[in-house]
Amino acid sequence: MDLLEYQAKELFNQVGIPVLPSQRIDRPTDLKGLRIPFPVVLKSQVYTGARGKVGGVRFVENTIDAIAAAQAIFHLPILGKYPKVLLAEAKYNADREFYLAVTLDNATRRPVLLGSQYGGVDVESHLDQMRQVVVDQTFSPFYARRLALMMGLQGKLISSVSAVIEKMYRLLVERDLDLVEINPLAVNVNEELMALDGKITVNDAALGRQPALTALVAAIPNPTLTYMPNCGVHLVELEGNIGVLCSGAGLTMSTLDLLHKAKGRPANFVDLGGDYRHCCPPNVLQERVKQGLDLITQTKGLKVIMVNMLGGATSCLQTAEAIAAFLKWQPANRTIPPLVVRLVGSEWAAAQSLLAAMEIPVYESMDEAIAQTIGLASTAVKVQPGQSKSSLMLASA
Amino acid sequence: MSFAAESHVLVYGIAEPLGSLYVPKMVAYGTPIVAGVSPGYGGQVVAGIPVFDLVEQAIETVGSIDTVLILVPPYEVLDAALEAMAAEIGQLILIAEGVPPLDMVQILREAEATETLVVGPNSPGVIVPGEVLLGTHPAECYLPGSVGLISRSGTLTYEVALELTRAGIGQSIAVGLGGDRIVGSSFQQWLQILEEDDRTEAIVLIGEIGGESEEMAARYIAEAIDKPVIAYLAGYSLPKGQPMGHVGAVVTAKIAGLGVDVGTIDSKLTAFKQAKIPVADRPSKLPKLVQQALDKVRT
Amino acid sequence: MDLLEYQAKELFNQVGIPVLPSQRIDRPTDLKGLRIPFPVVLKSQVYTGARGKVGGVRFVENTIDAIAAAQAIFHLPILGKYPKVLLAEAKYNADREFYLAVTLDNATRRPVLLGSQYGGVDVESHLDQMRQVVVDQTFSPFYARRLALMMGLQGKLISSVSAVIEKMYRLLVERDLDLVEINPLAVNVNEELMALDGKITVNDAALGRQPALTALVAAIPNPTLTYMPNCGVHLVELEGNIGVLCSGAGLTMSTLDLLHKAKGRPANFVDLGGDYRHCCPPNVLQERVKQGLDLITQTKGLKVIMVNMLGGATSCLQTAEAIAAFLKWQPANRTIPPLVVRLVGSEWAAAQSLLAAMEIPVYESMDEAIAQTIGLASTAVKVQPGQSKSSLMLASA
Amino acid sequence: MSFAAESHVLVYGIAEPLGSLYVPKMVAYGTPIVAGVSPGYGGQVVAGIPVFDLVEQAIETVGSIDTVLILVPPYEVLDAALEAMAAEIGQLILIAEGVPPLDMVQILREAEATETLVVGPNSPGVIVPGEVLLGTHPAECYLPGSVGLISRSGTLTYEVALELTRAGIGQSIAVGLGGDRIVGSSFQQWLQILEEDDRTEAIVLIGEIGGESEEMAARYIAEAIDKPVIAYLAGYSLPKGQPMGHVGAVVTAKIAGLGVDVGTIDSKLTAFKQAKIPVADRPSKLPKLVQQALDKVRT
């Protein structure tokens, strides 16, 4: 999960990475109480990049201009998202701009330090200048100096830049982060450093042991959370007319692929997870099936729902019972689209009998279930335009 | 690598919920579980298995251990793995989803220093059909035979095994490497293990979008693997950047918005094509491709 | 350097080691504002043990008794020391008392965990029950469980005791401590744990990077500090009539030994340190010689001062000049006892000439300097009775 | 162990105050210093020695390094030592006083894993009289010869060497192990080195109260050392428990007030007596005892 720039800079400040005096702006009138002297930069706090090019960053010289600019930025969508807060920050005269990052390298399975003398907007056009140091054993500051040298730094910049890298590394480890990035790290004419923009990606799986981070991010809903530490059931919305409920990421991907291949259009999906989630052991799967179906059916325009469940310690009958219970508890005025169910495991016949009584077909073959689903979805239903694609979540029972 | 029926297995976290659920299934399958460990539960018996408070205490009583299956909650995996390695156990299987990647870095530093094989985490473990079940694989999907399965997924591995089993094609071994960014053993390590395994005649590699492990595997196959390999890839219809729990290279690709074409379905398909590895476009296509490969090998 | 019990318990509380509700008492009247319900234990806060046996720990049931008891404890010396503060603490019904410690083992050069089921006053009579686990690689909680099992614990005590050991270990590492000890760790009938007394020894050399600890201990002067992070000059007082100024711990010990062997009685000594103190490089040695002589000559009843300097980058002449400067700047009414100087190094002859002019003999041989010193000290001078033996310190220039 | 004149030495912290003070003395003595490292000072020259920013950068330019002498301030020693070991250098000499003992634990874990010899910290280093000076030993105290000195002290080592030198007895090598509780190499390690050193005919062991390293050394000498060993012990007149900078076992002995008789002068003298090691009661007695031992060896 990504942090917003102002949250990242709070963490930078805590570990001693130099950041400019700044102030969080929740509404334009906050600028009347600004404690930073003008000129000031106002920055839209959104999770996407490239805000500068579309007007999400503005320089202002006085309170009147600042309030006007803030109003404009609050009403400026960036890749479809409106900011909930802005960051007001002092100006800095950068002579040069570096790029620094610390993250995990999948291939070596180690933390990796990244750096370039070509930071800021130049980083993509100078990818060949990006240097990398793998932290293969216990970190020590010499790894950071190694990167500084590879970046071509000399003299006192070696120590000052590697001190920033060291702090970024310690932040990564202490807070269980996936990424700590400073871009640009500004260097002024006196070779002093300043983190002008920063990005932090929290490791979602580790959030449960990082109460301070959890508190930090609780304020502002974040769409990038991929792993539910509390095993909540998570709906992903797409644009189509087929609801999908699956067990496990691999099977979910495969199911979506096969629907897509057969020209079906999934409207959304819920992945109930594999067999090895401690927070939601198999014995709560029935409850989770109900929660998943409840989320899926909140999307409008569904023509059919495909349930594809395999593995786990739950029997087919138990899954079927959960589906039956979900349908039984619906209010009379609510219309649920037809279901196609694919189950593998014990008590299959009993599951089939139970659901057959509710006119729900049960298959053992994934291909057959896909074919039936596509058949039911084939009468196209127009999806409500402007429908939000944001994620809905339900906490687990 | 020795997951044979005569090897000795210890289940760490045997008194945890996942332990009480899966240990009876593993015992029923014939898995040679000789001891369990759950701190505080020493002296108890779970599914006929004696429970100890510490790995070294278990070894003192039951003798040497070849494999530790770790079923503890994700934040306890690091400690259990370090304890097992301190007791000089050479094979670890980590099941839990949600192990923080920096914990895995610590585990893998130690595993490399001690030459320990680590499978997982976020993994269904290993099954040798008809002999040994070390994890969550549903027994009914598998049939003893000669096809090795290596996968990043759990349920999708079951699905592929089921298709092969229904077609009468048995499996020699199936391993889920784990769906996380940082996992213990790689496609390459397991390709080598299966290349050397006498029972395995063909290998099915089950990949997915994200990361670059399929690309690296394809290069390795071209260089070092003589047995036939057939691949299946999941996730090609996903919207770009859609996180899927198996987070793969999402973070890496996000750095500085570097638009590097790694981890996409195209990059993987290209790699397999270059390595002359047939790719099934759905699980139900695998039996035919595998049978063709087996027929070729056997003639 | 040792912390007082209440300081140790503050650190315990910060890391989640269970301690009783308690309150620091600076004067008896503080007990009128006591926030802990009676009955309460009042404990003298001194750096020495065995305070219980001499009346330094009292149970009180009401405010009047508490104030009286506090007045008594404030006026009760323990091994010659009066407490600056007391600790008022709730009572606890211990069923059993364990001993736990984490420290560094000289032989294996690793941290070591120590534990026994026989804690409290029983620990010394049951030393054979003390168990030990060396943390040979990176710490992980299994080392703590290993100790708990070796101590003979079972069931849920394995996890709860090892959780306390783990916190003690993390405290040791995070705060650069030499020792973290809990004795007793009380266990009540419900197998709940409570640290009833605690001892923490700070590593003096690491204090410079532990600002929080430095602040904690600044309040109350502590005689156990052995290493001067700021390279202050440190006087150790003994009981005799010979002042000793030496360079380096080994040479200082040897000098004291030889004086002792020749029936001399050192009154005090200053060790100026070896050649490898970064905080006081050889080029400030002259200043330190003056500071050392100044401290030494504050002791009354000195008959002679022996200076024994060897090694270092300072020449004999530079040392001699420092001695000469010290003598020259004394007030006219101050009597300085005779000096015996032993020097080894360059410019020895020049040093001798300089000091000969001030009637100070200079030797190259340690034995000869010792003999001369003993000769001058042989007329016994009575040391002032009741003279404080506490350490004096001067911050380095 | 190779501190010979043809070995290659790198001084870490060459631009620090201690570096600029001692490096010229070492160079003048003939020490084969081929490079210095001080981050930020790369490209400069100190006492004729080229300075680099990183150890691996120095090695690239000047070739392989046998020994790194570390002269940085105490809190920077850990990083410098890990950097040197990462560059696969096999001998480290740590001079600084005040290195936190937990930093030493980290250094020694790595040193044991990589079989690196560590001398110090809080140490005068090593001198091979007439050839190589690696530390702060004052050259004028030493004379080339055949007596090896192993000591926990700095100035006391100089004193002992001076007594021998004045008596015309030269030294093969002198090492200060360091006065801290946790130091890199032990009496035993250096006894073994000197036992194997062709130039050394007799060994002087300079101990002091506190700790139990003299006791362990005495046992080791009885078991494994054939060359004659003479001991000198300092600190016997100190009041019990008086901390001396060389803090020795003060902490250990304090635990629970355990009245264990370890580290006292009596325990050490008993150990030497049992190992039949003569003990001088003052430095000036050493020349006679050493000469007797040499005479015995040479006949």
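Structure notes:
Note that the chains are named A, B, C and D in the order they appear, and that numbering of residues resets to 1 at the start of each chain.
Here is the rule we use: a residue touches a chain if its C-beta (ideal position, glycine included) is under 8 Å from a C-beta of that chain, and two chains touch if they have at least 3 such contacts.
Because the structure is a prediction, the values reported are computed rather than measured.
Applying the stated touch criterion, the connected components after chain C is left out amount to one piece. Pairs B-C and C-D differ in how many C-beta pairs touch across them, and the larger number is found at C-D. Mean C-alpha position of chain B lies 51 Å from that of chain D. Chain C has its Cα centroid 56 Å from the Cα centroid of chain B.
Averaged C-alpha coordinates give centres for chain A and chain B that are 26 Å from one another.
Touching of two or more other chains is recorded for residues 137-138 of chain A.
For chain D, residues touching at least two other chains: there are none.
Chain contacts here close into one cycle, and each chain has exactly two touching partners. Chains that are in contact with each other form these pairs: A-B, A-D, B-C, C-D. Contacts from chain A toward chain B in the complex involve residues 49-50, 99, 101, 103-107, 109-111, 114, 123-124, 127, 136-138, 172-173, 176, 178-179, 181, 183, 201, 203, 205-206, 208-209, 224, 226-227, 229, 236, 238, 246-254, 256-261, 271, 273-279, 281-283, 310-313, 344-346, 365-367.
Chain D makes touch with chain A in their complex at residues 39-40, 42-43, 53-57, 78-80, 82-83, 86, 106, 110. Residues 16-18, 21-22, 25, 73-75, 95-102, 104-105, 108-109, 121-124, 136-138, 140-141, 151-159, 162, 179, 181-183, 206, 208-209, 211-213, 216, 234-239, 242-252, 254-259, 281-284 of chain B are the ones that touch chain A when the two sit in their complex.
Interface residues of chain C facing chain B in the complex, by the touch rule stated above, are 137-138, 140-142, 145-146, 149, 154-156, 158-159, 162.
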